[in-house]
């Protein structure tokens, strides 16, 4: 981290925030609420971290208006419209730049003479670029990457080391692709033949639109025919599996270790939390939210949140989840009824004697 | 896709199908039911896609006999014994060939002089082949692959780029191994020692028989001793984890992101659906089917289908799954009993006055 | 496996065990209980394998004292304090050595002149080491590995082929890192902006302390700021996901395909079984055990074992799990009450006539 001294007044100016406390308070670094000391800046983005916030020794804390009324003499608060944006902005100022990749083609890279490189590209050590591939201006191909035949990658993209992009796949502009990602392996399809399982040819490709980020060791399979399609601004975490012929709508978020089975279609702004799974041949409408570890078996209409396996609404899930305690109550009630009934029977028998 | 004009009559001849509709109908491409237009061929393999089928504008649709009685004037139907096989056959005709890998050893590959290469192999850029390895005739070793010491790979196999095969592992003929696969990393075993966890040596290997396909970023660990064994015709999807000393029976199917823990044994034709898990040291009989996301804790006899975590039969799962609605009914009944009982009590009290 | 002839007496001497049976019994190999024949040594570590043990034809079996009273004339038993340690010791004697990696820098490796290599290192074919990186004495960097700018790796570490370590990450001494591992990819963080999702800069690093082992294709993300921290003696299996700013305490065990979300903190000796998941921003105390496939939503105090999703105690889980059978019993009881009540009502009506 760079060592930069900034006052609360300077920071508030940058993030367009309002100071509560000492405008002259100085910090020299950023840190989490727990670790931050009196000369560090931190942030409290939501109600969940209020306990950490109250205990924090941070010199300055970025905070939204609705949480800013907690009295906290040891910290200067800066009230921000978007704490996330503000903290990201200040963090970026303190951050050391990531190392730059050298422009040009490293002598150890193996680039087909029939590949087409844009201006100002960076093709790193031991990268392999096959015949017919096209790499856009300013794009970085990391060390050890494999770029297959006829692959097209747009301008201003960044492929970290050891990424594999198979033949004929298409990647847009400003992509960020982390190490170990595999784009365009065959989709998974077999049918029973007389001598065992027979492979269904996977003849399509993968299309990734602009501004997509893909996390380490994620895999996106080529289509059986046509395309597997990741639309613009989609953000995918590590170890995610996207099967053949899937479509992921704009600005959707796929968190770590989730998976989408073949031919399913996700709308815009869908969120799949970690380790969730989406069945094949179904549709998730715009804005659908799937909770972590859930398994979605059926299509979900736009805007709905689902959880559990098979995934259901929060209401249905809670009805199921609260069963043990409701069962105990019902058992007690039944025991009481039985006692009353026994008493009545006894009384009736006495009466009839 | 190649642009080829074919009539329904020609297609029916190739797939040995029966035409319902216009035998002269012409198509020039294949597509899914949803995307296909009047000059495209599609397929409706099962009852689940009937809604898409009825709405489809496809010129020709391949369909099984039991679904072919839906009237559909806008499409010519071709009734096939196996729609999967027929569509795969026609798709293959329209598909552009995948790019061929050049034969010979790329000058950038690093091949030990003590490795043994078969005839007509293709060893691609920056591949590394260690001492004692043997590569069968016609086999392709993709760019950036690592083939460890004394590894044996059979004839006619295809390793895509960036595959890692560690020392002494054995791969059969006609294997297809997708990018990022790791075969023969150490199994996971430790025991508590006086100064922390102590590694159990993993001294065995992995044996993969003929006709096996392995999806991107899947890992298959070497045995503690002896072998981890993938039998012939097994098909494994992406991001699957097979632990040490596991045996997978012939023609089994392991779908994406599933895992099998150490020393478990799967019979022939077992299907593990996506994200399922199999506990260690258990046995799944021939033909066992495990539903997606299920966790199998105990051995399962041949032919059974199980689901849920812990995995149980469909019947037991449904008994559990339907509890909330059955609970509501029982609660109502108890409330009714209570009302009756209260009435009886009141009557009894009145009577005794 | 090496062919070495050893007597029970010799083996008992090495593992400091007590012989039950024939001290002159000779074995020439090690194997599992199921496969072992009369000239092989096996082990029965716990009660679960007693069935296999009784059926085993193994010539010698290592066994703990509490299981050694089963009469078994066909096998000589050696009673050991730690069967795991004893079997690992004998296995190591029979194991062929893994192949040695040649010392020095392979001519195809691309090592920056501004990188610093220790004594006796082994930098293998096509490895790439960037400017400012430091590699400790005796450390092996496998073929095709990528070691980023300013990365520090301690002495006596072993990176298998095709590992990726991104800039500024730190790895301690005696690390074992399996193929396909990615250390230091960006953490996953975005916030909604006016034109779609905006990336939160991930400016921190990953710190891995001494004696850590990391399984194939596992990913450990760099911190948003500060560090993601894997403490000493932690053992991580394949395809595990550790998100940004997570801390994993000493000697914890993370089994295959589990994941830990951002900023969570695990104490010492925590065990996450296979396919489990830990929510972000929570704490798992020392010695917490999470069962396979469980999803932990809330912090767990030290020493507790939890299971299910949302994870709960064994007691709560069993209350939930046993609901179907308890429900059946309660339903019967309600039916009986109803019958009695109907009888009482009928009697009351008759009486009032």
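Read from first to last, the chains carry the letters A, B and C; within each, the first residue is number 1.
The rule is simple: a contact is a pair of C-beta atoms (placed from the backbone, for glycine too) under 8 Å apart; a residue touches a chain by one contact, two chains touch by 3 or more.
Computed from a predicted model, the values in this text were never measured in an experiment.
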For the copies subunit A and subunit C, the interface residues, called same if over half of the numbers are used by both and different if under half, are different
For the C-alpha superposition of subunit B onto subunit C, the rotation angle in degrees, rounded to the nearest 5, equals 120
The distance between the C-alpha centres of subunit A and subunit C, rounded to whole Å, is 25
For subunit A, residue numbers touching 2 or more other chains are 108, 126, 144, 162, 180, 217, 239, 257, 275, 323, 327, 330, 334, 337, 341, 344, 348
Subunit A partner, complex, touching residues on subunit B are 1, 30-32, 35, 48-49, 82, 84-85, 88, 91-92, 94-96, 98-99, 106, 108, 124-126, 142-144, 160-162, 176, 178-180, 211, 213, 215-217, 232-233, 235, 237-239, 250-251, 253, 255-257, 274-275, 292-293, 321, 323-324, 327, 330-331, 334, 337-338, 341, 344-345, 348, 352
Interface with subunit A, subunit C side, in the complex: residues 108, 110, 126, 128, 130-131, 144, 146, 148-150, 162, 164, 166-168, 180, 182, 185-186, 188, 190-191, 193, 196-201, 203, 217, 219, 221, 224-226, 239, 241, 243, 245, 257, 259, 261, 263, 275, 277, 279, 281, 295, 309-310, 316, 319-320, 323, 326-327, 330, 333-334, 337, 340-341, 344, 347-348, 351
